[in-house]
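Naming follows writing order (A, B, C, D, E and F), and every chain is counted from residue 1.
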Amino acid sequence: MAIKKNSKPPATLSHYDATGRARMVDVSAKPSTRREATASAFVALPRHVLTALPHNPKGSPLEVARIAGIQAAKRTSELIPLCHPLPLSFVDVTLRQKRDGIAIAATAATTAATGVEMEALTAAAIAALTLYDMCKALDKSIVIQDLRLDAKSGGKSGPYKRPRA
Amino acid sequence: MAIKKNSKPPATLSHYDATGRARMVDVSAKPSTRREATASAFVALPRHVLTALPHNPKGSPLEVARIAGIQAAKRTSELIPLCHPLPLSFVDVTLRQKRDGIAIAATAATTAATGVEMEALTAAAIAALTLYDMCKALDKSIVIQDLRLDAKSGGKSGPYKRPRA
Amino acid sequence: MAIKKNSKPPATLSHYDATGRARMVDVSAKPSTRREATASAFVALPRHVLTALPHNPKGSPLEVARIAGIQAAKRTSELIPLCHPLPLSFVDVTLRQKRDGIAIAATAATTAATGVEMEALTAAAIAALTLYDMCKALDKSIVIQDLRLDAKSGGKSGPYKRPRA
Amino acid sequence: MAIKKNSKPPATLSHYDATGRARMVDVSAKPSTRREATASAFVALPRHVLTALPHNPKGSPLEVARIAGIQAAKRTSELIPLCHPLPLSFVDVTLRQKRDGIAIAATAATTAATGVEMEALTAAAIAALTLYDMCKALDKSIVIQDLRLDAKSGGKSGPYKRPRA
Amino acid sequence: MAIKKNSKPPATLSHYDATGRARMVDVSAKPSTRREATASAFVALPRHVLTALPHNPKGSPLEVARIAGIQAAKRTSELIPLCHPLPLSFVDVTLRQKRDGIAIAATAATTAATGVEMEALTAAAIAALTLYDMCKALDKSIVIQDLRLDAKSGGKSGPYKRPRA
Amino acid sequence: MAIKKNSKPPATLSHYDATGRARMVDVSAKPSTRREATASAFVALPRHVLTALPHNPKGSPLEVARIAGIQAAKRTSELIPLCHPLPLSFVDVTLRQKRDGIAIAATAATTAATGVEMEALTAAAIAALTLYDMCKALDKSIVIQDLRLDAKSGGKSGPYKRPRA
């Protein structure tokens, strides 16, 4: 897979101090602004699993995965060591059935001094894992593909949009 | 990608009751036996990020990601709605630098009435997200690929080993 | 409301030591046996809210409440100070529409040295609160009624069944 | 029990999008203002339990329940799936002995873009469950009654006060 | 302070693999046996703070600290990265007023494949920090002294008892 | 140890209401300002443990302890009952090898209506406990000494700096 960079990268990793030690970025001096990020993942499902996914009002696995993703976004700073705790103003997760699997998209938003890329990615990841959990009795070989950031806005580094593959 | 099934799949999704409602599997009657599972993920990194990854005793990002993965495994049942809480007897995560990225492998083990596939997968996923978090200042387009179960042992369904691609 | 006692009560509160100090019961010497408990609650809903409850495959509020209740059961020992952490083998929550509201029932099971009454009650309580959360834009005066234990089995004190009202 | 509505209800449930899917409300555009909410519950206790409640400086069950309620309020967004994480500025819980049980009242406050009704209700619910936990050795049939919102202030929908029964 | 070792130390740190990498100890093959540990800490308080500590049935700071310690013990494996999650069968914390401060003692017990030293120590630490939190308006210079393991029993390494100072 | 007070203490404990009941301080009316706090602890290590501490890129115990401390700071309000949840803008922990042990220092910062003393202290405490956990196979008698606040700035009470011993 060819990875394309979005414009010029900064000269240094933000999470490291002068001695190369991994650390939390100090965002105390950054202004609180509106931030948004979207991320996605794809859960590849063979035909016999796609067919077995129940479609009924009492609880589709897609709905359980969606709730799990939303709840996980709110706990991102507990899971990712150098993430800041953030008052999220919005989280949403959608799961769409495609010909060969389920496409997951997650959105997170806040008004804060730092971005919500990790919140969107965590929501997509946990929604995908939850879907795997509910399908694994049928097929353990299901693969979660292409967990990635699709776009973000707000903050000093400005908007980012993943280039078309 | 061609997904190969491991032997014959069961006739039904385990997480659904007779009315199609998603639910936790009742493992009360299952014996407590030794269970183990391994999962993996690949974080594709372009050359300029691989080069920038600090290698020094004060804290490589691989080490932070490893700790994050281990801690996440212990919280799997909080994140995946229909997972059972389990007394994990072992969790380990390794991150190995490859030519075009970092290969993550996670192992979980328990002596319990149900398996630890989700614990291994959650450890791999959160380790990968943590690595992304620490590299995203250099390149937001980094993709987490192929989050999947590699093997599991123990339990009524017996051993599973992912077929070679 | 007339409260009926189930057989003869013990002479002392179990959670208190000889000096009257509240404390966790030491269950180290108790055998690990199968335990189960069921609890219930009733969310009284006026007609205009019952009518507005969406009924569609994309996510009924009853399904969100059900998932929330299951997840809450797993965190009971974090919420109730003197509860023991338990490896739950089963949790389920059902929500049934009645003429004047939603009846919630929760079941929890384990094989452990202590019972799961609090887990079943916590699941019912959080499912009820989640339902309130999703209906409160329509009517803030909704009341959660009669959160209570319905039955439990296992353990030295033997089975309990709530007397008919 | 006659439920009275407070003024005119809104036309739609706030937690649902155009397709009827349950989702978190996006509060990004709402101003941060002072919000407060109070909720209550009643734990009906028979005379022999009320008499047994220890009253001494080393730890009354009412005090344990009060602390549990305060701590639970801070975790509301982890428990209620579509709740926003909020920086609470105040939480308090009081338990008052009445002739036939314990009356619980909980208050929560914040300066944020959304209200704290669920935080007050969660505090009251967990305080009540904690009290049940400490009394259940004496009487398992204890019922938690009338968990409800009593008042809220702040926000676009303005103040709410529960009508007198 | 002279630190005395208890008998002969093992040749290696248990938390490291052959390459010196910190990791969780695999306890899968260890038998489940009764384990207990006690730990302590001392919160040095000047006279004017000791005098101000309220002594009344509505809630002494010692009681709040005690509950906080018990609850923290249950979350030890979330806080200490290489700790195993354990089904604790007992936790207790006591705070005793001394001439020049508060002596905190914590006990934890389990029947498991690994010990509860960290659970007892975490309970003592969080109880001490909670006491600090409630006294810091009077004196920020309060010091938590001598947080340490006092004794443990069970497990292959046998009983340990701290030598007299 | 002689404890010196920093200027004149306030007349009352802030965490108590008029009846002496421990409660959370209401910070609703306090302005959001920049706050910072630093805390420290000392883990006394005998020579044979200091020598055994692995020093290699794959993971020193000091690095694991550092990450544990940072993560714990973010969960302070879950651990300390009367603490407010805060959007931390920065947390850092350093561990420095001294002649007779490891000196731990922790810093926390926020822009909020209340201070971060407890966050800095919690980070130092959990880093120290994590270090103990990784060394206890060599020596169970290791003691964590002098867990204390070193300085704080911001807020109505103004800056505090621990007097020299």
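The rule is short, and it goes like this: a residue touches a chain if its C-beta (ideal position, glycine included) is under 8 Å from a C-beta of that chain, and two chains touch if they have at least 3 such contacts.
Since we're looking at a predicted model, the values are computed, not measured.
Participant: Going only through chains that touch each other, how many steps at minimum separate chain A from chain E?
Facilitator: Tracing touching chains, the least step count from chain A to chain E comes to 2.
Participant: Can you name the chains that touch chain B as well as chain E?
Facilitator: C, F
Participant: I want to confirm something about chain A and chain B. Since they are copies of the same sequence, is their interface symmetric in residue numbering (over half shared, so same) or not (under half, so different)?
Facilitator: same
Participant: Select, from D-E and A-F, the pair of chains that is joined by more C-beta pairs in contact.
Facilitator: A-F
Participant: Roughly how big is the turn, in degrees to the nearest 5, that lines up chain B with chain C by CA atoms?
Facilitator: A turn of 120 degrees brings the C-alpha atoms of chain B onto chain C.
Participant: Let me check something: if the centre of a chain is the mean of its CA atoms, which chain is farthest from chain C?
Facilitator: Result for max centroid distance from chain C is chain F.
Participant: Which chain has its C-alpha centroid at the greatest distance from the C-alpha centroid of chain D?
Facilitator: Farthest chain from chain D, going by C-alpha centroids: B.
Participant: Scan D-E, B-C or B-E for the interface that duplicates A-C, counting it as a duplicate when over half of the contact pairs agree by residue number.
Facilitator: When the contact pairs of A-C are compared with those in D-E, B-C or B-E, D-E matches.
Participant: Taking each chain's centre as the mean of its CA atoms, how far is chain C from chain F in angstrom?
Facilitator: 37
Participant: Roughly how far is chain D from chain F, centre to centre by C-alpha average, rounded to an integer in Å?
Facilitator: Distance between chain centres, rounded to whole Å: 32 Å.
Participant: Starting from the mean Cα coordinates of chain C and chain D, work out the distance between those two points in Å.
Facilitator: Computed from C-alpha means, the inter-chain centre distance equals 16 Å.
Participant: Considering chain C alone, which of its residues make contact with at least two other chains?
Facilitator: 23, 56, 58-60, 63-64, 67-68, 71, 75, 78, 81-82, 85-87
Participant: If you go through all the chains, which pairs of them touch?
Facilitator: Going through each pair of chains, those in contact are A-B, A-C, A-D, A-F, B-C, B-E, B-F, C-D, C-E, D-E, D-F, E-F.
Participant: Would you mind writing out the residues of chain C in touch with chain A in their complex?
Facilitator: Contact set of chain C toward chain A: 55-60, 63-64, 66-68, 71.
Participant: Quick check on the complex: what are the chain E residues that touch chain F?
Facilitator: 1, 3-6, 9-10, 12-16, 19-22, 44, 46, 48, 52-54, 56, 58-61, 63-64, 67-68, 71-72, 75, 78-83, 117-118, 121-122, 125-126, 128-130, 132-149, 152, 160, 162-163
Participant: Inside the complex, what are the residues of chain F that reach chain D?
Facilitator: Where chain F meets chain D, its residues are 23-28, 77-78, 81-82, 84-87, 112-113.
Participant: Given the complex with chain E, which residues does chain B contribute to the contact?
Facilitator: For chain B paired with chain E, touching residues are 34, 36, 67, 70-71, 74-75, 85-92, 109-111.
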